[in-house]
Amino acid sequence: MLTTNPFDDDKLREECGIFGVYNSEGAAAMAALGLHALQHRGQEAAGITSFDGKEFHTHRAMGHVAGNFDREDVIRALPGSIAAGHVRYSTTGETSLRNVQPLYADLATGGFAVAHNGNISNAIHLRRELVLRGSIFQSTSDTEVIIHLVATSSQKSLLDRLIDALKQVEGAYSLICLTPEGMIACRDPLGIRPLVMGRLGETIIFASETVALDIVGADFIRSVEPGEIVVVREGAIGSHKPFYPTSPRPCIFEHVYFSRPDSIVDGSSVYSVRKAIGAELARENGIDADYVIPVPDSGTPAAIGYAEASGIPFELGIIRSHYVGRTFIQPGDGVRHLGVKLKHNANRNLVAGKRIVLIDDSIVRGTTSLKIVQMMREAGAKEVHMRIASPPTTNSCFYGVDTPEREKLLASRMNIAEMCDYIHADSLAFLTIEGLYRALGEAQRDAACPRYCDACFTGDYPTKLTDFDEHSAAGQLKLRVVR
Amino acid sequence: MLTTNPFDDDKLREECGIFGVYNSEGAAAMAALGLHALQHRGQEAAGITSFDGKEFHTHRAMGHVAGNFDREDVIRALPGSIAAGHVRYSTTGETSLRNVQPLYADLATGGFAVAHNGNISNAIHLRRELVLRGSIFQSTSDTEVIIHLVATSSQKSLLDRLIDALKQVEGAYSLICLTPEGMIACRDPLGIRPLVMGRLGETIIFASETVALDIVGADFIRSVEPGEIVVVREGAIGSHKPFYPTSPRPCIFEHVYFSRPDSIVDGSSVYSVRKAIGAELARENGIDADYVIPVPDSGTPAAIGYAEASGIPFELGIIRSHYVGRTFIQPGDGVRHLGVKLKHNANRNLVAGKRIVLIDDSIVRGTTSLKIVQMMREAGAKEVHMRIASPPTTNSCFYGVDTPEREKLLASRMNIAEMCDYIHADSLAFLTIEGLYRALGEAQRDAACPRYCDACFTGDYPTKLTDFDEHSAAGQLKLRVVR
Amino acid sequence: MLTTNPFDDDKLREECGIFGVYNSEGAAAMAALGLHALQHRGQEAAGITSFDGKEFHTHRAMGHVAGNFDREDVIRALPGSIAAGHVRYSTTGETSLRNVQPLYADLATGGFAVAHNGNISNAIHLRRELVLRGSIFQSTSDTEVIIHLVATSSQKSLLDRLIDALKQVEGAYSLICLTPEGMIACRDPLGIRPLVMGRLGETIIFASETVALDIVGADFIRSVEPGEIVVVREGAIGSHKPFYPTSPRPCIFEHVYFSRPDSIVDGSSVYSVRKAIGAELARENGIDADYVIPVPDSGTPAAIGYAEASGIPFELGIIRSHYVGRTFIQPGDGVRHLGVKLKHNANRNLVAGKRIVLIDDSIVRGTTSLKIVQMMREAGAKEVHMRIASPPTTNSCFYGVDTPEREKLLASRMNIAEMCDYIHADSLAFLTIEGLYRALGEAQRDAACPRYCDACFTGDYPTKLTDFDEHSAAGQLKLRVVR
Amino acid sequence: MLTTNPFDDDKLREECGIFGVYNSEGAAAMAALGLHALQHRGQEAAGITSFDGKEFHTHRAMGHVAGNFDREDVIRALPGSIAAGHVRYSTTGETSLRNVQPLYADLATGGFAVAHNGNISNAIHLRRELVLRGSIFQSTSDTEVIIHLVATSSQKSLLDRLIDALKQVEGAYSLICLTPEGMIACRDPLGIRPLVMGRLGETIIFASETVALDIVGADFIRSVEPGEIVVVREGAIGSHKPFYPTSPRPCIFEHVYFSRPDSIVDGSSVYSVRKAIGAELARENGIDADYVIPVPDSGTPAAIGYAEASGIPFELGIIRSHYVGRTFIQPGDGVRHLGVKLKHNANRNLVAGKRIVLIDDSIVRGTTSLKIVQMMREAGAKEVHMRIASPPTTNSCFYGVDTPEREKLLASRMNIAEMCDYIHADSLAFLTIEGLYRALGEAQRDAACPRYCDACFTGDYPTKLTDFDEHSAAGQLKLRVVR
């Protein structure tokens, strides 16, 4: 009997990270480093495309960046001073290699490669129309729709074709494109997914997060703005804003969980925001206890903030294994909660007889929380109080985050008391949506025009959801892979 | 140009972890779990031998336990209710697979498999004698010496042969042996390396650390005692003490770094000891600063202890990547300190303009400390004070820990002021050996008969070092692998 | 220093074999067998596409059919009662996997898979036009041009779209197509490449050669006719002839070398034709000698025919290794003609002191013939007379056969006397083109309208060569692979 | 359902080929070539050991020589001017890699590597005694017994130890040994397995067959004599004959099937002997027929001899595939005799309506013969007469040939008429043992002291069979592999 680690399964997953390098010797080597720093945004596949002035070169691989893109033969096969890369969460299996980005096509304007973070919410609709006109798709990726729209556009220059294409597209996209002339980076009008720009000497860099600038030693310049198309060619940087202006709605969950704590997202330090979240949580939901214990590692900054605000000592009551093991063979019937134990172990000597406050960043299905609470009780904890550093997650994301269908989200089926019962905690509390906005420095959430996309907490989606509306159930939204 | 992560290279490495299961359905599956929990004691190879009542079955693999021993085909090929396993730090390469344990031999008394944690300090001497008498060695492992001594012993029973063999051996050994009759576990007379015994229903378990009992849900019974041979057969547990009695000297570094913080070693919680070490360190070497920052993850418990004792806030100023990347291709000349950045990143927004105390567990070569300090300075730290949670490491270990030769140990070449200069810190301080004994609950170190083996800090080796004395230089101690 | 077997390099190579199964349980398993029997037509990659009534499934692999398509997991992943397969000679390397056939596309009419034997001589021209209209190519294969012509055709039914596409195409093609409705097999108007139809109970089979019918136990029905499109659906077989009628010109080299001796090609037994060729050769170019010796295995049937006609005994003077070894490391300078010796060895005891007639099927570059003659002399042969079972090969093929550029063909640079000198033979003679037609049962070659495509011997190409004319040199004809 | 090619399963298999090089730059590269030429003697594993003046280097691999020992990295890792190699038939599976030769051990006299062709018929007996004395075996190979006897010998020099060891051994052995001083080659007193010596400039070569001299361009000097130990060191060749003199009994089956036709075995051309066998067969068992057809390729020389002697034309009625495919998935129920068809196909156009004489070298289980006859009948042959180029195979071999147990040998269960019925032939005849001796140039077989070991035909074994006698059934002779 197989047992699978439920921890990883009970987080929302960012689906992609992207990275681009313009004008650097060894651009692919630099892209590999940048993608390594973005690995938390997509662990299951990676790809890099480079351009050497004459030809495009692509390598794609299932698995991590390290192990695939740290090999000299691989990097040597990606020559040139321009490169774009992509990490991706995706289903495993050989055939899906054709979905691994960057995607590439020979267009009438020359070669064209695209790395995409986000999700096009009318991709199936557009794909159907394109096939009727004779386009042949290589992948099941929504990103390929953009490429075919560019290929069949009646505009002449590549930039005009790209603008023509993007105007037909709805949803979330941060893109890094490679062309024989240079690099194009852009962000959808709402700026749902992040994208930043940096500089290292004469080299221009685009990345999903600032940590990818740090690893290569580049300076952070600014975020690419929502609705902006940045064109870098012949050493010059041009900015275009061809879309109708609208209020940005960047993803609020980047601050809660997706981005690394050492990143600066839209001007805020993620670590500081998470500590502030912890402090808000302590203020909103204080409790008398012996220790504040983070569920490692995503709950740690909020736990430090909670401990400081509450005066309760911060302690490591759960030790996380550094060694990944998702699935082991169950030995007989004796071993319980194996999935949790493969990754975490109670610091039994510490927690025995104590009242503890557990801090986690969110609850998705609730399966992990249940097992963590049980593990603490079996280690002898007297009381287990769970505090969650975000509001209840009640809605699916259609903008590039892998969410379970709505009915699998614990908070869409139960109220807080029921959830507390379900996970067997002595008490359970979530941060309020207002508390979350306060931690982000806002006085309050403006319901008419919220500062962030917070649809996963509120159901307030900032775009049309054409494919979802046409197909009515999320389950039918996935294109079947037939090859 | 390749760049290698210096972090991992600047720690002492435990060379092995061992685990044995007696009388459990699916013994090999349980051994796989136990070894996964001991993975930090040896990351480069693993092996399991099982006995099904008729035949012995062994699988060995380079790499981690997960990925090799979580496969159904592998576990199915290891049937039986008795199993022993081993994780090992070793040099890579296909040929060294024959050094991966458990080692196995068909003796006149039947099959015999051994998993060994430790190092025999007269192995080369004994090997030479055995070859002269016609013994043929399969491996370059010191452990094989024990097997040949057993094979050629003039004693009759396997137990008597084993005692005969161990009496000729000097150094450190915790052993788990499999025979057609059952399981034998033993520890050298000084008890240098740890070994514990647990129980899960009718199943008896031996393991290097208690965390391996936790993962399978077993209860901790007691440590195997120094000089004790425990024989488990036909459901009965026998204890033998055939060696001349002597004062135990368990390894003190298990508490400083090797063991997991959630283990109980020789009766003490490792986490609590490390917090006590941090508190002693604050008392011995206080400093005025804004933040206490751990070098993750090994410095974290001591940093929490230091912060509590000093009243300076504990903050995450260094973020550790969850994704291992040892070696990436250097992109041009622009990227500095790549090795450090593959694993750690400064939380730049936090440390900028601040006075920080960095807490690390030890300094070996000093290369990492140097780079960490520089990384903090480049992130804008105003002052960087380094505090080390153990005394200066001045001597090599010959008992199963991979130490650089003496002259590569920073503390063997420099005094503390020189080391402080070398790593560019504003101040540097180490815990004293007395402080370390205090943290372990001793009033003081008894120089005539210390409670622990602390040779790496003091040069006071508890055994003869025959091979070292005969060969005079550590460099010549290694047997060359000729196949 | 590497040394490469020159034998294989000195043959023309058929570039493909194709096989289709309609209405058989386990269609993919049957296709695997058929492709195994056609392996001599393409050794470097293979692919099978099946259709299970709902979805198409494809597996492609570099290497032989055996080793890839004899695995249960592979065949199980190719369910359905309809399947088409392809073996291919192609350059090695991972990226070229996207060139391995069958090619597949989702069209507006549904899924569409094609396996193609032959070569489109205006593929580059058509590709350029399609890209301008927005088509995106996945491969560098000429076959993909056909798919895009079908996808963008303004016709409605798939059959009409296919006819529309094929009317724009020039060159050689035998095709087997899979659609949701059934199977379509067709042959270009000249019938350059072969294609036969067979039956096994209710199952209809198409294959490049009859040996592929033999291996599955099917009965040979008839050849697909030049210019015929055979449609099999709902159990019925329809025949369409949409092209302007023209005199067929099937490839004459199939009889000389490509097809297996146990195949029936266009109504003739290949083995009998080759024996007749040997007999014609003896009549045209008799010589007094001790033994007739075939260059194995392709020269063997002609050698038997030559021996019978001449009365000189047939003997095995060259022994061929059953074990393929293309490239070994040269040990020092001592070993000569290594390439030849990896595959052939002189039967030294037999040929020493004898006058021998060597029979080979053709001479391409001449490098092998030279080494074979030398090997015979070093083994002690007194006289070595070379007889070639076809006319001098003077021209490149543009119809799906891998030929060196013209200037590398020995016969394009030298007359027969010069060639004899070059290979150091005592005499050299080729079959005349008239002799070849006689062996095929024709009274003579009709120069105005030859019965076969014999362009490799005569330069008389039966179609336009658009790409060649536009690019003027064969070397520029190859599309560069950019991914 | 899997179907396995019965052809390969119905031959006796030589278990080994050996090759040694003394004093050649790139000795391992030369050994690789030699082993490639001996590949027919063992297809399932290969190994080479070299000595570079200081250290021994070994590489072993499952599979063919080509693909493993034609790689530059492998050869570069085998430096030195002395090398010995081995090809082996063995059961597959990773664990058996430790049985792949050359075997190596560090002895008191230094390194010692052995490659062995043959089989020790008292290996189990000796092994049991050695284990009792404390020897630990690494493999289940009989060859390791020799190494342990050498290791534990009380003699002083390696040569004396080797002689001491061999005097305790019974059975068949041709050995090539590597020591720090040079190379030792020897053959058991009966000379059951072949071994020849050659020279290429200053390089001395030993090989199982002369074809391995041909491939490297070496001259054949002479056979190593039965009971001779040849020592090559410091450029000098010494010969020792330490055994009690006895009449040689080389294996007669080398001439019938094992050796390649282009080899010279014990002074005779194998090709000529096989033609003479065919002629004897025609004389002893003539029949009126249209064609003589070889079962390719082993029956071909005898078929040529039969055709010449009988005047019946030699024709290729069976075409053998060049592409190995042992096991394909059976598609439904329709395809019959798949195993045969993967390798052979009837030349249906030739044999239809004809009376044919099929020539094969031997019948082991008879399964293949049955299917070949059926294939000929289904292709329309009017009469099928089977003629076998050796006497009935009635007894197992214990000297290094893989034979089925006696009861599986068709000729041990049936008389010739029953066998004819079993294979559905119109007639069946075998060569007599006297005819076989005549073909080998003997006037007759001397029953008191036969010139050859012909035990497989006569049951007259030239040595004691200690292991067989002690264990009474061949089935129990195999050592179980326990790791």
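Going in written order, the chains are labelled A, B, C and D, and every chain counts its residues from 1.
FYI, a residue touches a chain if its C-beta (ideal position, glycine included) is under 8 Å from a C-beta of that chain, and two chains touch if they have at least 3 such contacts.
Labels paired with UniProt names: A, B, C, D = Amidophosphoribosyltransferase.
Owing to the predicted nature of the structure, the values given are computational and were not obtained by experimental measurement.
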Subunit B to subunit D, fewest steps along touching chains: 1
Distance from subunit D to subunit C - Cα centre to Cα centre, in angstrom: 37
Centroid distance [mean C-alpha coordinates] between subunit D and subunit A, Å: 63
Where subunit A and subunit C are represented by their mean Cα positions, the distance between them in whole Å: 51
Two or more partner chains touched - positions in subunit B: none
Each pair of chains that touches, named by its two labels: A-B, A-C, B-D, C-D
List of subunit B residues in touch with subunit A within their complex: 2, 24-30, 32-33, 36-37, 39-40, 43, 64-66, 69-70, 72, 75, 200-201, 203, 211, 214-217, 260-262, 264, 269, 271-272, 297, 300-301, 304, 308, 313-316, 319, 321-332, 334-336, 338, 341-342, 345-350
Residues of subunit C defined as touching subunit A within the complex: 55-58, 104-108, 111, 131-138, 147-148, 151-153, 480, 482-483
